[in-house]
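What follows is a pair of complexes built around chain A, which joins chain B in one and chain C in the other.
Let's look at the complex of A and B:
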């Protein structure tokens, strides 16, 4: 028995890789969907804040991520944009990351097509600008100075939905979907603390722990953390079979497999320790 | 002069931005707005510098046949294809640049990040040991957060997601806040040292 446990403790990493791959492939192939109850989580706070916005509110959505974190953040972007469209908000997109502009365009145009929203009347994408936090401060004094045209080079003055927007204070809410820096923290420090605009956000699961501090202080109105946050938002908005909800089954199984390996590793460790081998 | 001029520029720019924050009226507001626009222009210029540097590094790698040089032509061709398509057709939706971005760059980027899951599993298996009470506490918290982060946690016991939220909101927040306050104080101290010319390493070694 001890020999078997010792062998388990020395499992080749390729076996671990194969089992992790299978834990993702099998639930996806079987189209396994787990029910996703949404409790008193920060994702519910963000949903409720957006839901309480008056019709016609201006909302800025900043797509601060790139393709590497797209599996977590793109479903989030689509769910948030869908909710804003359903609330008849004026959605202005932009990006602090170069590749975020195209990903944001994809999310907004996809949702606009399905919900019958019109570009430049209900939504627009200002695109990417470099500068991070400094650029946000400049947006606080003049939006059109930073973005004289949108992503497709249409001048600011020719976009009807931007007529009543001058600076950051024209927005009822800023939502940053962020994979790192610059992202949510820059928006909280500059957009929220300096200009008093409520900030909501979504981030990868690994960066969520850092942002809980801003929730407790009220500097953020809500947050979507990782694929679970995206799945929560899809559930709350009522998106059926959304990407994130479908991703919950493979993620659940993968988490269980990782936990199983940690347990096996510990059993092997203590067995070896008992024999006097492990430090 | 090579030392004095950069120090004077740094001091002036730094003081204008500090005054602009605490006294948001003229002339500091105008000066602050101008400096921010200059920053945006310089930051945009840095993108071109980055692209030029990327080309320089990879052409050099090919020329000198340095380690893994065979990957460099792929980088150069990829860069040039996207650059030329962007210049000719623009980056608007439905154009070749956008098509390649959404169908090649995006899936490849997502694939690279997804590989992390395999290494996390392998590393956790080899290193996550309950070797003392502190490690055991960390391990227990990690299990609760991992279960609370997926629906299966609530299926096992409906209190697990609540435990996750508590762990993230209370003990995690306490630790994170301590780290953030420490880092923020460090940023303030370093910024003041740079503005007042005490910290000069950004000048490239001159003292």
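Let's look at the complex of A and C:
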């Protein structure tokens, strides 16, 4: 038995890769969908905050990511934008990351088409602007100075839904979907703490532990962390078979496989140590 | 030719090339890696010219409605200073541009960063441990014990023996739990990327095979 456990402990890494790949491929091919209960989590806090916004509220959504983090952040973007549209909010999109502008356009136009929302009346995309935190400070004094035109070069003054927007304080909420820097931290520092606008956000799972500290201090109203956060929001908004919800089954199975190998590795390590072999 | 299908196939082939590294280093992986680096560099140059330089600088200096704002020559000169690093004799000029960037960044961030990441966080740990439900009280106690013992672990002016040593041990345990949670989140993030690729291969790429062979919708 000890010999078998030792052999398992020395499993070729490529076998582990194959098992992880299978643990992802099989649930996708079987179209497995696991229940995704949403408890009292930061994702529910964000959902409830958005849900409580009065109709016609101006909400700024900053798409601060690029295609490398799309699997986590694009489902979040679609779910958040869908919720805002359902609440009849005026959704203004922008991006601190260059490719975020196009990804935001995809999310907003896709959801607008399915929910009957009209560009420039219910939503618009201001596009990308460089500068990160410094640019956010400028938004605090004048939005139109930073974005004289939208992403498609339509002048600010010709966009009806922007008529009552002057600066950051015109917004009831800012939501940053962030894959790193500049992103949520810049918005919390400049938009939240400096101009007093409530900040919500979604981020990759890698950066979630760093950002949880802003929730406890009340610097953020809610947060979606990684694919689980995206799946939570899809569930809360009522998106059937969303991409993130479908992703949770392979995620869960792969986690089980990883946990199994962690246990095997530890048992093999301690067995070898007992025999005096491990260093 | 259906460009959409071509794009999907290129994406799938490059994905396979990159994942082939999991077996061992090979020419397919090297090809995909170099393709990625080269295309990224080219893409970023054009993207920055189109989306940063032209709208933020050129159109301010030479507005589409006519005229010429000479003041915008100054940031253009500073931008050229950045490139001066490539010529050893003029490399010193780049310090002027860098100094301006670092000075502006430091000035803007100093107060905001301290307020957001130090003051507000310290304030967040000064809480009443005797209010709310039993779970709230427990959470508050974990927070207080975690912060204090974590700080003790990093206090090196006193030997970690006796009470200090035991408190430091609690601190390192709390830190390890935090690192474990962080590592778990990292695994979740990497798996999400794998799931994204697998969803692309199985839901976008696979259905194109019967389409190309003319045996399906």
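Everything below uses one rule, namely that the second predicted complex is superposed on the first by the 279 of 279 C-alpha atoms of A that agree within 3 Å, B and C clash if a C-alpha of one lies under 4 Å from a C-alpha of the other, contacts with A are read in each partner's own complex, and residues count from 1 in each chain.
In the analysis below, contacts are C-beta pairs under 8 Å (C-beta built on N, C-alpha and C of every residue); 3 or more make two chains touch, one makes a residue touch a chain.
As the structure is a prediction and not an experimental result, all values here were calculated from the model.
Judged by the touch definition given at the top, the superposed model places A:251 against both chain B and chain C. By the touch criterion stated above, A:188 is placed in contact with chain C alone, chain B being left untouched. Shared-chain residue A:219: touches chain C; no touch with chain B. Using the contact criterion defined above for the overlaid structures, shared-chain residue A:180 touches neither chain B nor chain C, since it reaches no partner.
Contacts of A:138 after superposition: chain B is touched, whereas chain C is not reached. By the touch criterion defined above, A:20 reaches both chain B and chain C. Put simply, more of the residues of chain A are touched by B, taking chain B and chain C as the two choices. With both structures placed on the common chain, the touch criterion links A:265 to chain B but leaves chain C unconnected. Within chain A, the residues touched by chain B in the first complex and by chain C in the second are 17, 20-21, 24, 68-71, 98-99, 129-130, 134, 137, 194, 205, 208-209, 213, 216, 225-226, 228, 251, 254-255, 258. Chain C makes touch with chain A in their complex at residues 22-23, 47-48, 51-52, 56, 104-105, 108-109, 112-113, 115-117, 120-121, 123-124, 178, 181-182, 185-189, 191-199, 202-203.
By the touch criterion stated above, chain B contacts chain A in their complex at residues 21, 29, 33, 36-37, 39-40, 43-44, 46-47, 90-93, 98, 101-102, 105-110, 112-114, 117-118, 120-122, 124-126, 128-131, 139, 143, 146-147, 149-152, 154-155, 158, 161-162, 165, 168-169, 172-173, 176-177, 180. Interface residues of chain A facing chain B in the complex, by the touch rule stated above, are 11, 13, 16-17, 20-21, 24, 34-37, 39-41, 66-71, 98-99, 102-103, 105-106, 109, 129-132, 134-135, 137-138, 141-142, 145-146, 151-153, 194, 205, 208-210, 212-213, 215-216, 225-226, 228, 231, 248, 251-259, 261-262, 264-266, 269. Put simply, chain A touches chain C in their complex at residues 14, 17, 20-21, 24-25, 28-29, 68-72, 98-99, 127-130, 133-134, 137, 185, 188-190, 192-194, 204-206, 208-209, 213, 216-219, 225-228, 243, 246-247, 250-251, 254-255, 258.
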